[in-house]
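In the two assemblies presented below, chain A is common to both, partnered first by chain B and then by chain C.
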Partner chain A sequence: MPLVNEEYGFFIDPQRCIGCRACVGACAECGTHRGRSMIHLDEMDRLASTQTVPTVCMHCEDPICAQVCPADAIKRSEDGVVHSSQKPRCIGCQNCELSCPFGVPIVFSGLEQMLKCDLCYDRTSEGHRPMCATVCPSQALLYVPKTQIESLRKNKPLREFTIGSLHVKTRNAVMVPDDDVPLHLDAALLIAGGF
Partner chain B sequence: MSQLPNSLEELRRAFGPHLNLAPPGGWLADPVPDKLVKTHCCFCGQQCGIQLKVKDNKVVGFEPWEEFPFNKGKLCPKGVKRYLQGNHPDRLTKALMRDEHGFAESNWDQAMAHTAAKIQEIQAKHGPHSFAVLSGVSMSNEKSYLTGKFARLGLGTRNLDYNGRLCMVAAGAGNKRAFGVDRAANPWSDIEGTDLIWVQGSNIAECSPITTDYIWRARDKGARLIVVDPRITPIARTADLVLPLKPGSDCALNNGILHLLNKWNLIDWDFVEAHTHRFAEAVEAVKDCTPHWTSNLTGLPVEAIEKAARWWGEAKTSMLLHARGIEHQSKGADNVSSCINMVLATGRIGRPFCGYGTITGQGNGQGGREHGHKCDQLPGNRDIENPEHRAHICKVWNCTDEELPRKGITAQEIMNAIHAGEIKGLLLLCFNPVVSLPDTEFTREALSKLEFMVGMDFFLSESMQYADVVLPSALQEEDEGTTTSAEGRVIKINKAVDCPGDAKPDWEIMVDLAKRLGKGRFFDHFDSSRSIFEELRKASSGGTADYGGITYEKIEANMGVFWPCPTEDHPGTPRLFEGGKFFHPDGKAKFYPTPWRPPMEVVDEQFPIWLTTGRVVYHYLSGTQTRRIGFLVEQCPHPYLEIHPRLAERYGLAEGDPVEIESRRGAMVLPAKLVTTIRPDTVFIPYHWTSKLAANQLTARHLDPVSKIPEYKVSAVRIRKTTPDRFSPELAELQRMAFEARSNQSDIPEQVF
Partner chain C sequence: MAKWRKAFPVDLADESFISRREFARFLGLVSAGFTAGIGYLWLRKKPLDGAPGPKGIPESAVDLGPADALKPGQSRLFTYRDKDDRCILLRTAEGELKAYRQTCTHLGCAVRFNGGQLECPCHNGFFECGHGFPVQGPPTRPLSGIALNVRPDGTLWAVGDLPKPGEGKEA
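On to the complex of A and B.
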């Protein structure tokens, strides 16, 4: 049974991320990606914390990348998946790359085409979960029926974001972090006697 | 003589490490495989299930194995890219023999005949024990078992030991004296239902990444997490309590906790009285370990120590997990005992969601240490000095007691004996002591003194460069067999592809060599891994690590079988010690008193900073495999010095600055990496690299008197800012390789998309 349907949701929880980049490596191994990864993984501020954040496409309901595409090369299918640019149309102008509020699309040099996460269409259509959410050791990337999320996680999923003047609704969700997550970890503050 | 045949640069050019960047045929090759082989990842003791994609007798990629219950498809980056160790430009496919120009490819027969002759010559001249074997536990149970038998009966030497001596041996010693058995007490599924998880000296997110999800799932259900480590590792980032203690002070902390448990009467007296011995002695040993005393030694605030003790004492269910952080110390076994004392005092073991375990690090760290390539051990975790145990093995092996050597010396002691000229010959397999033993320069000197060294490996590791003969052996995916995961789950490794060229599985090489040494009668019946496993079953039968009832078919049908499993109708034993029954003859567990003693080396005016070493998520052990995989090298190409900005400021160091780190053993220059996630009196270096970039240039050969594990986690160093020209050229070369890996995205045709 295809796993791209209304039932399934993609949940991103940076609190759980351990920065191992298994997602980045596995994305490149996906049958159609052939060595190119569509996932970004960023250290927030390694000086101050081991916090890392994976970024996969949020699959916007009204994708900005498609709105700004002068060649109308970016399509969203009925199941809510926003696809890579269509090769015959894409002119490699990078409008999508520059406008995406999450910084997802990549115009690959040499290809002159924008490629992005398509929720592993080749895998999900055959009943597999997306590659990144399958391998993620901490399950910071989670792909499950939406109805399960409440029982699986204590944090709430968020699918609406205000970024600058933009208000964005997305198919994928980010888990709202706990209020008390420290952004700055300092061992010097946890030891006796100071330094 | 085993001097290096060429310069390191020449060796690197010929044998690597070079990078494998893409699957066979490149990224354009048809990705549809001929078959998927269900097996396990070769990197680390988690032993995640994985499916290897095979096409034209080559591993071309992987597919998650979502049905395997331990990891359900999850993999760390090493697992994702593990397939790139196959079809590798550096792969050894022919026997190598030394000549005046370096290594030359050789006819197999000639290399084997020469090896047998040299072994016989050395043993005739200097006695049977002058030839030693050093092996490793990335090998299957079958290969580990056969290595033990080959050393004892093929070579007749008592001097056999293994790289588990650098890994879990302190945990094994602590477990055996407390429980009478050496295995994690619980299946990992117990983690996710527990109330309190205590992680000590285990960088779980990087060294056993799949365990992270078990811990996160427990926390989703409300579990608290306490992490004890000099560094705030990724698993500690959101922990409920982080205890960044001074390196080498673990036992002090745990003694302080036991002191408070006793003072506050948070003891499970029913359990202690019914199921344990020596509680009074353990408490007597910690009577002076007040919070103030503990704070002084650990550098932790009194309030944090009291909070930890309160949480531990009052928890309803708990799991205590530790790893190399507490084990790699000159009191490694005592550190382990001090953890076990906390567990036994609260009686939380042997029930659902209550337990304890070391997180075994190496691929087959658990099974490999049970079946006899440890200097004091026979299969089934038997004692080589115990007359009954010897008699059982003599019967299975069809040898006399006189033919079975007695206890030998441990890995570091073997290297010391080589250096002292007492051991003249060495068989080295699955072990890279030049990178992994402490005091690198000493190890290089030792290997240079050997009269003859024969190695078996798939890449020419930095240690194999000293060999006179190198025999190409098999990758994990080129043979079948079993391993035993950190949980104690015996699992099946399935063969995906054939060995390339003349390479052969290690057991085949040893059987061949035994025949040439005139010991064929002990080995003639081995014609497959399965035939070795059948003998292992008999040999382990009746031992604590009893595999008697485990068959290949049963493993596959049940997705693994937990030992002990004495009979074929026995379901296996996922959780040990149920009903408070332990493995000592009287069924009781033993507290082991752990009076405080400092590390063998402590900071002083000359060397005022603590050094601790460890792993990163992208590399496995000495890096022989992972330093050859493009993606992994791209993510972490070389070591660095992790240092707190407050300490860095004292030395005028900014991010990336060259810093010389010097200990009593040696010195090295690395770029500084400024992080507030480490104690300001401590620096950290990851250890996976070689030569001028080897962290073990700085570490000491100080051993735990009980387990003989080296004290990798505690050294004293001094640092100073230096100039960029002092960076080793190897650093620039590794940065070039990382760039090469990053740039490898050029061969994608447009029509793919």
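On to the complex of A and C.
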């Protein structure tokens, strides 16, 4: 039974991340990724903290990467998964890289094609969980039925973000302490404030 | 949704993808349709030959009154096939009767007879009277001529279109 459906959700909990990079290695092992990892694992402030944050594609309801693609190469399937660019169409212009509010797409030089997290579509469409979610030892990346998350975690899934003037609704969720207020991020303010 | 976005949808389900095979099939069917249509028209060709002309008006004779009414250098207007088919009847200085359509072959103004030549006042085009050939100005094609016939009772009749000068030489 396919695991890409309304029932299952991808939950990202940065507070649980221990920076082991198992997800990065596992991502590259996925059959269709062919040795290329599409997970970003960022260190927040290496001098002051061990905090790391894994970033996978949030699979937006209105994917801005696809909206800005001049070659019509980025498509979303019926189950809400935004896929990597189609090889015959992608021109490697990097519009998607620049436009994504989460910084997910990667244009691989040499390949001249944008590849991104596709929720391991070859696995999830056949009933397996995404590679990163299967290997994460602290379950910072979790792929479970949405109904289970309340019993598994105390914090709440957040699927709406305001980034600058952009309001984004996503398929995947980030676990936050309180989901009453949509997360508002403004990169310009953060940079001005020196993080 | 913007109009162009419908042609380039984000969702895969909305995309109308035409495969090479479908496109080739479409081309094949259209070509076969054209071929069949042309074949059908070819089969219908012979019956169509006997059909009436485009306007469905057969050649008819029109009475232009007494043949000697015009003196050399004079002209008068008449209509031949219908009220919009305006023609000019003239008697040349040599005493020969000629009739032409009054439509200049340049841009369609009405030509008039100045006693020696047919002239078009719009762009100073001139036609000689003998066969309607252009002799000056922008027109390059001769005027369309009307065949005339004088009957034994002395009346003049317009009886049809003259072949265009130059036509029939090859035949």
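Simple rule for what comes next: the second predicted complex is superposed on the first by the 176 of 195 C-alpha atoms of A that agree within 3 Å, B and C clash if a C-alpha of one lies under 4 Å from a C-alpha of the other, contacts with A are read in each partner's own complex, and residues count from 1 in each chain.
Quick note on the criterion: contacts are C-beta pairs under 8 Å (C-beta built on N, C-alpha and C of every residue); 3 or more make two chains touch, one makes a residue touch a chain.
As the structure is a computational prediction, the values presented were derived from the model and not from experiment.
> In the superposed arrangement, which partner chain does A:67 touch: chain B (first), chain C (second), both, or neither?
second
> Considering only the touch criterion stated at the top, classify A:75 as touching first (chain B), second (chain C), both, or neither.
Once the two structures are laid over each other on A, A:75 reaches chain C alone.
> Name the chain, either chain B or chain C, that contacts more residues of chain A.
Touched residues of chain A are more numerous for B.
> Just to be sure I read the superposition right, which of the two partners does A:148 touch: chain B = first, chain C = second, or both, or neither?
It touches nothing on chain B or chain C.
> So, A:99: does it touch chain B (first), chain C (second), both, or neither?
After superposition on chain A, A:99 lies in contact with neither partner.
> Which chain A residues contact chain B in one complex and chain C in the other?
none
> Which residues of chain A touch chain C once you look at their complex with the stated criterion?
By the definition above, chain A touches chain C via 62-63, 66-67, 72, 74-78, 83.
> Write out the stretch or stretches of chain A touching chain B in their complex.
Spelled out, the residues of chain A in touch with chain B are 15-16, 18-22, 24-26, 28-29, 31-32, 34-36, 46-52, 84, 87, 108, 110-111, 113, 115, 128-129, 131, 134-139, 152-154, 178, 181, 184-188, 190-193, 195.
> If we count contacts the way the header does, which residues on chain B are in touch with chain A in the complex?
22, 27-28, 31, 61-62, 64, 66, 73-77, 79-81, 205-206, 209-210, 212-213, 216, 220, 230-238, 242-244, 295, 299-302, 304, 617-618, 631, 635, 644-647, 655, 673-681, 744-748, 750, 752-753
> Along chain C, where are the residues that touch chain A in the complex?
So the residues of chain C touching chain A come out as 8, 10-13, 15.
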